[in-house]
Every structure is written in C-alpha cells, then in structure tokens.
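Each remark here refers to the structure printed beneath this line.
Going in written order, the chains are labelled A, B, C, D and E, and every chain counts its residues from 1.
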Amino acid sequence: MSLRIKVQHGFAGFDLDVDIDLPHGVSVLFGPSGSGKTTLINAVAGLLRPDHGRIAVDDWVLLDTTGRRNLAPHRRRIGYIFQDARLFPHLTVRQNLAYGRWFAPRDARVESMDRTVDLLGIGHLLARRPGTLSGGEKQRVAIGRALLSGPRLILADEPLAALDEARKAEILPYFERLRDEVAVPILYVSHASAEVARLATTVVALREGRVIACGPPAQVLGDVGVVGARGAASLLTARVVAHHADGLTELATGAGTLWLPRIGDAAGATLQVRIMAQDVILSRDRPVGLSALNILHGTISDLRLGDGPGAMVTLAVDEDRLSARITRRSVEAMGLAKGQTCHAVIKTVAVAPDDIGTGRPSPPSHD
Amino acid sequence: MGSDWASWLGPAEWQAVRLSIRVSFWATLASLPLGIFVAYALARWDFWGKQVLNGIVHLPLILPPVVTGYLLLITFGRRGPVGEFLDAWFGIVLSFRWTGAAVAAAIMAFPLMVRAIRLAIEAVDPKLEAAASTLGASRPWVFATVTLPLILPGIIAGSILAFAKAIGEFGATITFVSNIPGQTQTIPSAIYAFLQVPGGQDSATRLVIIAIIIAMAALLLSEYLARRVAKRVAGS
Amino acid sequence: AEDLTIFAAASLTNALDSVAEAWTAETGLAAIVSYAGSSALANQIQQGAPADIFISASVDWMDAVDSSGDLRQGTRRDILGNTLVLIAHGQDVTPVTIDENLDLAGMLGNDRLSMALVDAVPAGIYGKAALTSLGLWDSVEPLVAQSDNVRAALAFVALNEAPLGIVYATDAAVADNVSIIGTFPAGSHAPIIYPAAITAQSDSAHAEAFLDYLASDTARAIWQSYGFSVVE
Amino acid sequence: MGSDWASWLGPAEWQAVRLSIRVSFWATLASLPLGIFVAYALARWDFWGKQVLNGIVHLPLILPPVVTGYLLLITFGRRGPVGEFLDAWFGIVLSFRWTGAAVAAAIMAFPLMVRAIRLAIEAVDPKLEAAASTLGASRPWVFATVTLPLILPGIIAGSILAFAKAIGEFGATITFVSNIPGQTQTIPSAIYAFLQVPGGQDSATRLVIIAIIIAMAALLLSEYLARRVAKRVAGS
Amino acid sequence: MSLRIKVQHGFAGFDLDVDIDLPHGVSVLFGPSGSGKTTLINAVAGLLRPDHGRIAVDDWVLLDTTGRRNLAPHRRRIGYIFQDARLFPHLTVRQNLAYGRWFAPRDARVESMDRTVDLLGIGHLLARRPGTLSGGEKQRVAIGRALLSGPRLILADEPLAALDEARKAEILPYFERLRDEVAVPILYVSHASAEVARLATTVVALREGRVIACGPPAQVLGDVGVVGARGAASLLTARVVAHHADGLTELATGAGTLWLPRIGDAAGATLQVRIMAQDVILSRDRPVGLSALNILHGTISDLRLGDGPGAMVTLAVDEDRLSARITRRSVEAMGLAKGQTCHAVIKTVAVAPDDIGTGRPSPPSHD
C-alpha cells in the first residue's frame, strides 16, 4: 500500500471518479485522449483541488477534503514532467535544470546534473534559453528539470511522446533505475504499450474518468478489452543462465529455454520478459528447421474466439501464462482445444530490449 | 557639464533641474515596491474591498491635481493628522520639503505605475507559476524567481511612466509643498513661475527643453532595458 | 533663522525678485520667494508652511489667513496697487473710453473677451465687478472666456484667439502684440490691493526689516518700473 | 435623477458634469484607433524615428500641462497653423469649443493609453499570429481576428486610464480652450474655480464627489468587461 | 517532380542544408529530436526565411532568395498542423475550426466540417474554448483546423504524437484519403515508423540538418543505418483476391498467397503491405502444422551479418524484396547462403491495419 488516490471531480461535461491504491514502483495511467489522466495527475500534484478526495503516500496525507488538509504543491516534493514542457522562458536550460535543486531539502537525494544532462543529450543546449529549442529538446529539458529536483514522487505526463525511438530507448532505463534503485514512486502517463509493459508495476486503465482496470501489467495488458487485441502481451519469468559468444543470452523459463539478444543482467538474475501475443506461433508438434530459436511448450489453459478472424490462446507454462493471438482458421485447422499441450514458437529478435524489465519488485497487490 | 552649458541656465534653474531629478527618481523608486504589491493584489487576488482599493489607486488621475495637492496638504501637512503623527513618531516631515514633492509626484504617478505592472502580471501564464511550485518554490519564491523576472518589461514601463509623470508633475506639488527655490521648486514649478510674468518665456523654454532631455534620456534607457529583457526571454 | 522665506502671489514674480535681490545686495541676507496662486499660498500658511512673509494678490485670502490667526498681529499692511485695463491684439488700435456707453459686446461681435476666472481669480473678480458697475456685464457675460490666471488670459489676446481682454496694467505693459486701449475707472471696482504681512509662526529676525524694505525708495522704484502703483 | 439630486448641484454645475462626461468619452473613443496604431507600431515595427515618435507620445506626460495647453493653443488655435488649416478646409474649429477640450484631454491621456495597449501587444505570442497567417489571414486580418481580441484587456485598461485622466484633466484644457460655462467648463475647471475663493471648499467637494462617482462607474465597468474577456480566453 | 525544397539556414550551433525533390503524395520527415524537421517545415510555410533557398510546388515558386521572391505565409495556402497546437485561445473550438475557411478562396476544395469533426471525435468540444482542453484534444482540433482550411499543401508536424493508438488508427486513413483522393501534397513529420511506412510516398531521413536518405519507403525503411535494425521493414505488393467468411482476406503476391485479417479494399485492388523484418521466420523446408497461415517463398538475394547477434536476410520475391531479421546462430544452423530458395513464415495477425497502405501512387523517383 503506497500511493492511495481517491478523487472525485466534476468539470462541465466531464466527471473524474477514481479510487485506486497503487503499490510502490511505476504506476502507468493508460487511456484515450480526454480520459482524465492529466486531471488525475494534477490532483496529485496539488494543482487541482478536487471536489472530494484523499491522496496519501504511505502515511503522508497530501490531501484530505474531509479533514480540510490540502498540502501546497511546493510542500509535496513532486517532480512533475508536464505534458506541455512548461520551461521557464527567462532562464537558461542550465538554470531550468537547477531550479528544483534550489528548493530541495538538504537531505534530498538529488541526481547528478552531469549524468542527467548526458543521458538526455542536452549538454550542448545548457547555455540556451528555451524559446528556440525544438519540441523534443524542450521535453528532454523538462524531464531533466523534474528529475533533478530530488522528488519523493514523480509525475510524468507522456514524457517521451515527442521523442524518437532511439532517444526513448535511452531514457526509459533511467526511469527504471529510479523505480528500482531510488525507489521513488512514479505515476506515469503513456499511450505507448511498449512503455507501459516495460515500466509498469501497476497499470491503471482509465476511460471517461473511471478506472476500467487496475492491476499488474500481466493482468491488465492481457485484457483485450483494455489494450485491444493488438496490444495483448504476456510476461514470462525467466532466469539468466549464460551469455554466449554469438551475442545471445540463454534464459531458463518454466517452459523451456529462451534465447534472447544479449541482455545486461548477470547470470542468475531473474527477469520478466514481455512477449506480445501476436508474436507467438503455435504448433501441435515440435517444429524443426525454423529460423526461430525459441520453442516453448505448455498446456492450453484458455481459448477464446474473437468476433473477428482472431482467437486468443493462452498456454499455462509453469507459473506463468503465455498468450498467442492466432486466426480462428488456424484454431480449427489445428484442432486446438483446452487441455492440449502445444508448442509456442517465438523469434529471438521479436523480443526488444524494451520488453525486458529488470528486477521488477515483488508483484503488486491489486485492491 | 561644460561651463557654457552651466551658464545657459542660471543657478536657480540648475537647482530646479537637480531637484526635479532627485524628486522623480525617488518618487519612482520608493513607490515601486508598493506599486508591485498593489498591482499583484489587483491582478491575482480576490478580496473584500478590491474595487475600493482599485478606485483609490486611480483617484489621483481622476481628481484635478490641485485637489490632490490640497488633500495631501491637509493630511500630510504639519498640522494634518498623518503629518503630525509622522513628525512626532518618526521625525519625518514632508511638508515644504523635497520629500513632500517626491510624495506628491509618487502619488500622482502611482495609477500609471500600477496599471502597467498589473497588465504585465495578468499576462504571465499561471501554468509557469504552477510549474515552479511543483518544483518546491513557495509563493514568495515563485514570485521572486518566475513572476518578477517575467514582468520586468511591465515594471520598466511602469517606472518610466512614473518617472516621466513625476518630471512633469506640477499642480499637486505646488499646492502641497509650495514653490520654494532649492526646497520644492521643481522644473514645472519654475516654468510656472516664469510663465506668470512678461518676458519669462525664454527661461521657460529653456527649462522645457531640459525637462524633455531628461525624460527622453530616461525613456531611451527604459527602451534599451526592456529590449534586453525581451530578447533574453525570446532566446539567444 | 537667518534665511527669510516669502510666499508671494505669482503675479509679483520678477518684480519681487528684483526687490529681493536689492535687499540681499544691501544687507547680505538671503530672501527666498515661493510664487504660487494666492489661494494655494494661503492654504499652505494655514497648514503651517515655513513662510515668514505672505504677500497676497487678494484681500480676501489675506483676510482668511488673518482670521485663522496665522498672521502676526499688527504687521499687515497694503503695499502695492494695480490698475485694470482693457487690451486688444496688435499695436495698431484705437483707444476707447471705458464707461457706461462703451459697446463692448458690439466690439466683440462673435469673438471672445478674455479674462481670468471671474469668480475665482482676483483679476477676474475685479473685472467682473467693474463691468457690472458699468452695466456692461450682462451683455458680455456669454462672450467671456475665463482663464485660470491673468497670464493665460493675456496669451489669448496676444495670439489673437480673442480680440479683447481684461488684465492688470502690469501684465499688459510688457507683452508683445498687445496694446492697452483703455483703463477702467478707479471707482468701477474695489481698489486692487496687494496686502503683505508677517506670519504668526515666523521666527525670523529680519521679517520686519524686509517688510519695511518693501516700501523703501529703492523698492518703490523697482515696483514702479514693473507698472505697479505703490500704496502710500 | 430625482429632483433632490438634481438640486444638490446648481444648473451650471450639472452642465459641467454633462460636459465632462461628453468630453472624456469622445476624447477616449476618438483617440483609440490612433492609440492602437501607435502602440502597434512601437511594439512591433522597427522604423527610423521610432524613438522620436515614442518621445512625442510621452511629451504630454513630461511637460507641465500648462505648457502642453500653450503648445496646443499656438498650434490648433484659430491663428495656429493647424487650426487655420482645419478651419479653412474642414470647418473644424477647436478653440473655445468642447471639441477643443476633448482634443486637449485626448492628448494628455494619450501616453497612458498607448502604453497600456503596447504592453498588451507585446504580451501576444507571435506564434499565434504566425498560425493565423498560415491559415490564410493577411496582416490586417491577423490583426483584426487574433491580435485585437487578445489585446482587448489592454485596450480596456488603456481606455479607462484615458477616461479617468480626461475626467481629471484641467491645466492643458483651460490653457487651450479657457473656461466657458457650457462650452469648455469641465468639472475640474469648476473645482479649481471654487478652490480659488475662500470658503469655496464645500462646492468643490460636491464636484469632487461627482467626479469620483463618474470615474468609479467607468472603472467598475472596465473591470467587469476585462474580467469577462479574460474569462473567455481562460476557457470557463 | 512536385515539391522541390532547397534550403540553407544557419542558427548558432545548427546548420540546415537540404536539397530534395519530392514527388506528389506524402513525404515523411524522419529524424531524431533537433535534426531540423520543424525548421524545414517552417521554411516551407514561410514562417522562417532561410538564408538561401528555393521552394516550389510544381511551377509555383513560394520562395527564391536569389530571385527575391518570398510569398507571404497567407498566400501559400498551406494547412500547417503545428507541433504545439497553437489554437486561438479567444475562439471556441468551432471558431478555431472554421477560421481557415474564412480565408479560403471560393474555389478551394474544403472538407466537410461535420465529417472532420466526427472523425476527430471533437463534436462534444465545439462550444468550448481551447484553454481547458486536454493535450490530445488540442492536437485533434489543430488537425481539424488545418485540414478545414482547404490547403494546397499540408504540413503536419508530429500530428498524432499526443494521441492513443486507437485514435491514431482512426485518423491515419484520413491522411491517406487526402493523399490519394484530394491529391494534396503532404509534408509529414513523424517519429513512429508505423506511421511512416503506412503513409509515406517518400521518406526523408534527416540528421543534424542534413538529408541522410531520401527515397521510397521500401528503400529507406529497409536501410538499417536509417531506421535501426528493429525498424527495418519491407513492402510487398499484393492484390486482393477474395474476402472469406471467417474474417480473413486472401491476397496474391508474387511469392504466394497472403492471408490477412479482413481489410476494406474490394477484390482486385492492389495494396502495399508492410512486413516488419523481425516478424518473419525463415525455414529451408516448407513448415507444416504451424498456426501461422502465410508461408511465402523466395530466393535469398542478400545476407548481411550484423555486429550483434542479428542478421538481415533479404529474399527476392517476384518484383519485391522481403527482409527477415534472424539470429546469426540460425543463419549458421540452417546454413543459409545467397541464391538459396527459402520459405518465409508470417503470422496473419502480425500485419496490423496500420501496415496496409491503400492505392499508393506510382513509386517516387529519388533525386
């Protein structure tokens, strides 16, 4: 029980009504445009006083409308990365970055300026003022500014939306590090399901101001109603066995060996690997001669036919579930049914670095 | 100043010029903090009596200067309630001193200063202030580090308006602190005196030119400062 | 105090400056003069202004200061007089006799008669009184343009905005483009008097001496050179 | 107005009140287009002589009102170069007319109006104007559809400053168009006259109160309008 | 030869130097944050006057710094969707949308307001002012405003970045329609390679102000140096054969039959199908019993080993190329070599609606 948010707020034509209890780690807010993500985050930041509500980080109550408590934003020690960067136009990039540090208490753990600047690739911008920065440059400075303020809680509203894939891939691990090493709770808005899967300890799906799902990503992301069939994915627990000379890493899962492009973790580490349901091919017999290296096996625990041409087949592999999205035609042709054993073919390269989460904390409890 | 220059104006006139600059400078500078405060209150707060405050600020504009001067005289004069109090408790005497002239000029210029600063404050995006508060800045700090730098152009504009007005102020000053050479005779009072007598036009014209030069210098300086500030914000 | 501060009606500027200069040359003592409208000066003295001597252009304001107890008893005296004249624009003008038969309204036609404020400024008050006693007021009243001081009234005539005006002889004497075309008979208005007095709060040792000096021969010559008459 | 009210002031005083309102209203309204134009030029264009224009705009603030009035008189008076021209070509006569009083008030209020509008223009984000131009709006259209609505608060602020100043203006007016009851005798002239005679304070006070009431009403209206405009932009 | 852009411009510390000739259709600008995309687009819009340059749409010269021609922005008839929405705060959403129409010439082809509003899902916002819209709502209104101005040239700077996947999927076809039916040239900035692949007639890859690649998407997107290995994709030309009752559509390609989830085009239509290199599994023998329905065959025309564990194998199938990204280990295990024939396994569901572009115009020429 760590970040507890209970908020009711009405705008003309829009009602937000949320009551969630988020464990430590990264909670990703997920939902269509206008579903209330920014509104919710603003309430946590103290920039919006909701009609009713209570917001607390552990025992530290930020807001309680019944108890008349409403901590001013500057006492909440948050690092808020705004959807619209909101840099200070009269300060240089360097001064923008240093702004939060001025006000951080002496004992706050503040990131190193140099490292952050390096990571964000904004070293050459330090002397400039924000007026002429490009869209992505602004966003990167905004990320740096929030992270460098030594926050006790990070609010990130689509921080990476304006960035290219390569830059995203560089910055994402940083959030992971904050989550794992620094243990700062993070509330993160994202539209990108890769980001969600990679970072999230908990996923909160919003629609029209209500929570339609809240729980660990394996559960929420497997929910076709939430993410859509194309977004469905499973998370497999895997242990690093060895790194091989040809650049592949061998992992052991309950369903067999998994070969992935080299990953950073040392042998013995336990990981969560996200596998998109649409990347899995099924076969009754063990296929041979394929370029795909990973052939896992399991028992069909669930089989759901969609309205369209698709079907979702879930295999129980050890403790985990592995979903495959295939056509109904294949289900019929292969005669698949619950309880059968089956092989799952997964390409090594289908698993992107994004999809491997490191040292995820103990699975969150869902309230 | 070369001696040619100095002799172009008589010593009494030079005295008036020096005094005008001193009075206007202090009138502007001393009223700035209150001006910023009042402008902020009017722009951002909702409080009981806000419109009354707003009205009082505008009064010197609405009233003929003579009336303002008269009110100042009966309030801050040596026998006025406030004047007596200031004298007794703080030893501050305004009446018939240059400080009184500065007070008169400051009050006459106050509505101009407040309005300029208020417009600037209203143009500041509250979202930037909100961003500063999430970064740990308390209200006064937000004001000092975000609002204040962003309204600098407005403060400069307000100050130059106030300074120019103070240079030209006459009616309230002469009514409040009279027209005592070396004490309260500013450029406009001197001009007034010259215009009262036949043949005084030449001296009056000289003083008018001096007033224009002083105000223009201040104006150019303010434009230069405002431009620098604006450029910084625009980037590069 | 050594310095002497004199509050004087603005119309005395220059003349009084010359007198003060002469006094300084003779005695080595400084005299500072503050010129403003008589009303402003009177108000200021009533509010404790640091004036030693008050010279008013209006008997009424001197009375006001007197009755509020701000004058030193027994020091008030009338020092100067002035005359009221009718002026016209230009040099090339025919003099007129000012009496009941003067067709002032006819002379004006559609134009204006420039005066100081007829209910407020002394020159205007005297002028209105004179016109009234001559029976001319009613006919010219709608044509009067009033200014807040005599100099402004003079300016309208000097610039030929108004063809005729009523001002003090002292003002008319020196102005360009303006000629006196008649003098108002002395009996048509109350005498134009500049009273002077020492204020009650004065602690100057030289105030009496200066007041006396205003009536000295040197001073008389100066006054007269500026067109004032000196009260005997 | 009830008869009690009406009789509280004499007919001449009522005349002054009506005239003051008329003069101030037209002074404000008629100078608005030029005020907006000059403010725009000063805020957005760079041209030769910009600082000279800026200086001229500020002149009425710097000079004692009497001097401004005198300059108006020799320029716009019947025999003045501009005055003669206006009369000959357009039949416009300013001297000794209420229109002249309006001109004097407008000129005295001009620097205040221009500064307020200029500040507002400088606060408009040029990126919005650029967006309008990509959508096909030419410069004048951009101004009319984007800039102008966005600077409305500044225009309101400038107008109320100008109106208040016009209500209080006295020195330049009386010097330029003298004081003719029913033609050019505005409230401040009347007040001034009362203050010149011993015991005139009471009548002056009545007029002062009237002036304050008029200006306050205008001020409240302007605040109300500005608030509505601001609310619309903020969204609501 | 349609949109010709030659621009040189220097900011302190940044130089843009571009000379490209873009055929009709959608030209996608692709490149990392700060590479000069917005700067280039601003030059085309007339908001930035470059130091040197010439910009022309067919014969219509917008700018020529040598000839002293510089058409004012409002005469360029562009619909510019800004990176930062730039809505008019004093106008309602409806007035914002209608703004451009006011100034459109009488003969301009203007989209229907109702249809656009429907498509963008902003019907309930029409009476609101932009101040309180959410990030994505603003962006949608900005899109509508530009499209409704009847432009002769559309400039879109990351128009969909702030939107969720579902909304993106709804709006993308609209740009396609503009490209195909209305034939408005479109210059489109995007970081998302799915968008690029789907929309682009031409892809321009920028880096640090220079063009590093410019050409048809099949060529630029296959260039690992430009898109990174994970972004590599191929485009297959396919003809719709029939729609089947189980929700699948049968397409004919030069390499065999392709089964995809039902697509909208009528039988006989010719399409371009994007297939991500990482979604392709190779097999020497024709595999059987797999859930994957599509098994194409071709000849290995290129085989490149990467620095890491990966390899890129390209098959020549009919006129097209099909790339597969597999591990080096598989290349060795399967003994793949140039000239061999090979089977490619592609899951039906791996091809998203995004990946199917309709009626792409004739392939662009690269200058």
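Points to keep in mind about this one:
In the analysis below, contacts are C-beta pairs under 8 Å (C-beta built on N, C-alpha and C of every residue); 3 or more make two chains touch, one makes a residue touch a chain.
Owing to the predicted nature of the structure, the values given are computational and were not obtained by experimental measurement.
The minimum number of touch steps linking chain B to chain C comes to 1.
Ranking every chain by how far its Cα centroid lies from the centroid of chain D, the top place goes to A. Separation between the centroids of chain A and chain C, computed from CA atoms only, is 91 Å. As a whole-number value, the distance joining the C-alpha centres of chain D and chain E reads 57 Å.
One finds 35 Å separating the Cα centroids of chain C and chain D. Counting partners per residue, chain E has 84, 132 as the residues that reach two or more other chains. Annotation for chain B: residues touching 2 or more other chains are 66, 70, 192, 195, 236. Multi-chain contact residues of chain C (touching two or more other chains): none found.
Chain pairs that touch one another: A-B, A-E, B-C, B-D, C-D, D-E. Taken in their complex, chain D has these residues touching chain C: 66, 70, 73-74, 77-80, 95-96, 171, 174-175, 178-180, 189, 192-200.
Here chain E touches chain A in the complex through residues 11, 13, 31-34, 37-39, 83-84, 124, 132, 134-137, 139-140, 157-158, 161-167, 191, 193, 228, 230-231, 246-248, 259, 261-262, 278-279, 281-285, 287, 289-293, 308-310, 324-331, 334, 345, 347-350, 352, going by the rule given at the top. Against chain B, in their complex, chain D makes its touches with residues 51, 54-55, 58-67, 70, 111-112, 115-116, 118-120, 122-123, 153-154, 157, 161, 164-165, 167-168, 170-171, 187-188, 191-192, 195, 204, 208, 211-212, 215-216, 219-220, 223, 230. Of all residues in chain B, only 127-128, 130-139, 141-142, 145-146, 149-150, 232-236 touch chain A in the complex they form. Chain contact summary for the complex, chain A toward chain B: residues 45-47, 72-74, 76-80, 82, 84, 86, 88-90, 99-100, 102-104, 128-133, 145-146, 149.
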